[in-house]
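Next come two complexes, and both contain chain A; in the first it sits with chain B, in the second with chain C.
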Partner chain A sequence: MNLTIAWITLRGLLGRRRSLLLLPLPLILIGITAVGKAIGAQPDELAEDVLIGMGVAVLLPLVSLIVGTGVLGSEIDDGTVVHILTKPIPRSRIILAKLAVATLVSAVVSAVPMYVAAAVGGVADLGLALAAACAVGALAYSALFLALSVVTRRPVLLGLLYVIIWEGLLSNVVAGTRSVSVQHYVIAIAQKISGSDLIGTTISATVAAVMSVVITVAGTWLAVQRLRSFSVAGETS
Partner chain B sequence: MTDLELRGVSRWYGNVVAVNDVTMTLGPGVTGLLGPNGAGKTTLLHMMAGFLAPSRGEVLLDGVATWRNPGIYRHLGLVNEREAVYGFLTGAEFVRASARLHGLPDPAAATRRAIELVEMADAQDRRMGTYSKGMRQRMRVAAALVHDPAVLLLDEPFNGMDPRQRMHMMQLLHRLGEQGRTVLFSSHILEEVEQVSGTVQVVVAGRLAASGDFRTIRRLMTHRPHVFAIRSSDDRRLATALMASESVAGVTLGKDGLTVHAGDYGTFTRALPRIALEQGVRVRALVPSDESLESVFSYLVSA
Partner chain C sequence: MSDTSVIHDIGYQRYAGARLGRAYAVRALFEHGLRVAFGLGRSAKAKIFPWIVVGLVTLLAVIAVAVRAQTGETFLPYQELPSVASLLVLVFLAVVAPELVSRDLRNQTLPLYFSRPIKRSDYALAKFAALFTASWLLMAGPQLLLFAGSAFSTGTGAGAWAEARGMLGGWVVSALYALVFSSVSVLVASLASRRAFAAGAIVVVFMVTTPVVGLLISLGGDGNLAKLAPLASPFLLPEGVRVWLYHADSLPIGSFGPLYALVTVLLTAACTLLLLLRYRKVSL
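And now, the complex of A and B:
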């Protein structure tokens, strides 16, 4: 962890026009919940279709993707990362600073609207649990997308494929893939915390917690390894 | 005392060889890395700076490999060719961030010193996004110098600079070299290298074509005729006498003097005073006219 890197990263992230992309999704989530409530939707419908279907399945991964690839991927893209790399700093501290900023921003931008939407929908208790689970999800996603940023030159594309194809399609059809789906970890953890029967998935909270840790550690480790061997330019790709 | 040493370094991408078996040692002073575009200068610099692994051979800074070794940046500064900066930071913030990342005891003082060195104090509080190319370049040099490194590597540092900034940058590099730092800069523009440093490493098609003082290099290429411009009290008389000398391959009589093509540098320069004396001709000027880096360079490239 390095505060100077975290400070530059945060300023770069929020200073970019791309960060405006973070605004509409939370507003839409809260808006749809409010409309659903107004037309008399039941709490279980709101929880399953809106909070999970939109919040956990779309808002959280997309926000994490935009932020997670923005903290390092865009610096690699425009070449500014060299300024950080030409310093006698262990690469692990660079990655940890990036991970901390990405997790913090993603967690705030997804957990806060999640709680607000749940409160608007009349399920505030579930909202707290969902917000907490989103923070855990933000950490796992950030580690994943951070690793993608160093492993490939197309982190956004690959990240989208993972979110849409793997989590969005496969894991809803083939139950076995859920144990490698952050989305289902978040649902399982939120269910465990709230004890609510409005939401649920087939994997256990224990598996979800263990796998979240595994993904976070593996992603971070991979990112550090790849950054240690970071090559500039010349590569024919 | 810091040496940068390359031992039999090659780098290839697939079956394209970018750098081919280069061995060189860079010591204190300014060295120009010269070569046409695509010769492998940037690849070499990136390997020196630890941003690329050599496919074969070793790149050592004080005996330690630069690849996968962030510790080298305590002694090394890099100004690469991509001029990307954090446009949202002011120049001073940018340099200060570098100072902090280096863990310097007094980042503020180091920042002030580095910015003064590149004469950017007036613009240091402006956002870097508003800088001109030359200003950005100088701020990047300031950031690369903030920790007072023994080795400074610059890739095409004069790109995009106006003549005044160029002059200033040249003086700065001179000064850094005189302070005993190892300064290496790459360029494909000959005048730049010629003005900043006498020592060159010439890279052509991935190979080290020549290294050392470029005037010496020129003299060693004896199979190339040496060209001299001569002015004398009686050009025509001298021309006739010179044509009789075996050391001379050709003489052109022009409006403002003679142009002499000599086969061998030493033989000709020894023969000329004798011939002039015999003929009673006073030699007013004798200038080796193709010792500019440009001619050395074109010889090497076409060789």
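And now, the complex of A and C:
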């Protein structure tokens, strides 16, 4: 962890006009919940369709993807990563700083609107649990996408393949793939914390917790290893 | 410097060949766009993502053909392939649309294009047409595969003719999906100069409405709300038109079929118009 790098990353992430792109999704989530509530949706419909279907399945992974690949990926893209790599700072600290910033930003952008939306929808207890689970999910996703951004030159597309095809398509059809799906960890953890029966998934909270830790540690380790022997190549293809 | 400086004739010549003009340039832009979409003529890295998606959609068709050959049941009708594969088509567009338009913005090649005989609208429409054709091919190719598999297993000429008509219907549905999907995604991609952001934005635009429509449908029950809600989702809009055109029963839209067709036309027209307006300015 290096505070200067973390600060520079945070400024690079939020200091530009395009950081405003992170705003519409949370606002839509809250707005839709309010509209759904107003036209008489039941708490279980709101929880299943909006909070899970939109919040956990769309908002959390996509925000984490854009932020997680942005913290390091954009520097690799425009070549300024060299300035950091030539400083006498251990690569692990660089990765940890990037991971901390990515997790912080994605957790705030996804967990806060989840809680607000749940409170608007009249399920505030579930909202707290979902917000906490989203923070855990943001950490796991960030580690995963940070590793992707060091491993490949096209991290966003690979991340989209994972989010859409693996988590979106396969885990609805083949239940076994849910044990490697962050989305289902978030649901399982939120269900465990709240004890609510409005949401549910097939994997247990223990598996979810253990696998979240495994993915976070593995992603961070892989990112550090790759950054240690990172070769700065020119733009190809 | 001597008093008698001379200008040497080193043989510069004017271009005297045929000038192929605007139509040729537009066609070249379209063809190039189509090749870029599938990574043809580019490195292996550029081929990975489009062909992963093509492979997955083709796999779907192969499984359907195999199931049909083994059990005789129609596992995946021609017209349902686009809706089953719609998430894959979305991934394809998220890969290809930024490749087509965002790279030109990023590398600032647009001023070069616009200093040629093509008009700005030509550029925008050629890119849109290339994206539309590519996404149509993505669905129509596997439908052709379905047809080949089924026509050979029916064996009779009349059976093959029925299959061919089924496939043509499938192609029309594919064109509907390709039209809606590509018009929205080329517009979104033309607003972002980084490919990564463009890809993310396209997925966000498509994914955000889907759970909402699900909620509205389950809230509406049998009422008009449930029949009108799919209008709001780009995934379900072409499905609604298909239900109206072919009397399918995949989506309860009641008697609002013409409205679905109208919204499809209006959405495509609006996206194309906005795209043309966007290219009146070179930079963002």
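For this structure, a couple of remarks:
Keep in mind that, in the parts below, the second predicted complex is superposed on the first by the 230 of 237 C-alpha atoms of A that agree within 3 Å, B and C clash if a C-alpha of one lies under 4 Å from a C-alpha of the other, contacts with A are read in each partner's own complex, and residues count from 1 in each chain.
Here is the rule we go by: contacts are C-beta pairs under 8 Å (C-beta built on N, C-alpha and C of every residue); 3 or more make two chains touch, one makes a residue touch a chain.
Predicted model only: the values in this text are computed from it and were never measured.
In this superposed model built on chain A, chain B and chain C occupy separate space and fit side by side.
Contact with neither chain B nor chain C is seen for A:20 once the two complexes are overlaid on the shared chain. Legend: residue contacts after superposition of the two complexes on their common chain; A:91 is shown touching chain B, with no touch to chain C. In the superposition on chain A, contact of A:36 is made with chain C only, not with chain B. By the touch criterion defined above, A:5 reaches chain B but does not reach chain C. Touch criterion met: A:157 reaches chain C, while chain B stays clear of it.
When the two structures are aligned on the shared chain, A:230 is found in touch with chain B, with no touch to chain C. Annotation: apex chain A, arms to chain B and chain C, angle 80° (C-alpha centres, rounded to a multiple of 10).
For chain A, the partner with contacts to more residues, out of chain B and chain C, is C.
In the superposed model, A:83 makes contact with chain B only, not with chain C.
In the superposed model, A:173 lies in contact with neither chain B nor chain C. Put simply, chain B and chain C get as close as 9 Å, counting only Cα atoms, in the superposed view. For the contact definition in use here, the residues of chain A common to its chain B contact set and its chain C contact set are 236.
Taken together, the chain C residues at the contact with chain A in this complex read 42-43, 45-46, 49, 52, 56, 87-88, 90-91, 94-95, 194-197, 199-201, 203-204, 207-208, 210-212, 214-215, 218-219.
Interface of chain B with chain A (complex): residues 13-14, 16, 18, 42-43, 46, 49, 51-53, 68, 70-74, 76-78, 80, 82, 84-86, 88-89, 94, 97-98, 100-103, 143-144. Across the interface of their complex, chain C is touched by residues 18, 21, 25, 28, 32, 36, 39-41, 45-46, 49-50, 53-54, 57-58, 62, 65-66, 69-70, 73-74, 77, 153-157, 160-161, 164-165, 168-169, 236-237 of chain A. If you check the complex, the residues on chain A that touch chain B are 2, 4-5, 7-8, 11-12, 15, 78-80, 82-91, 228-236.
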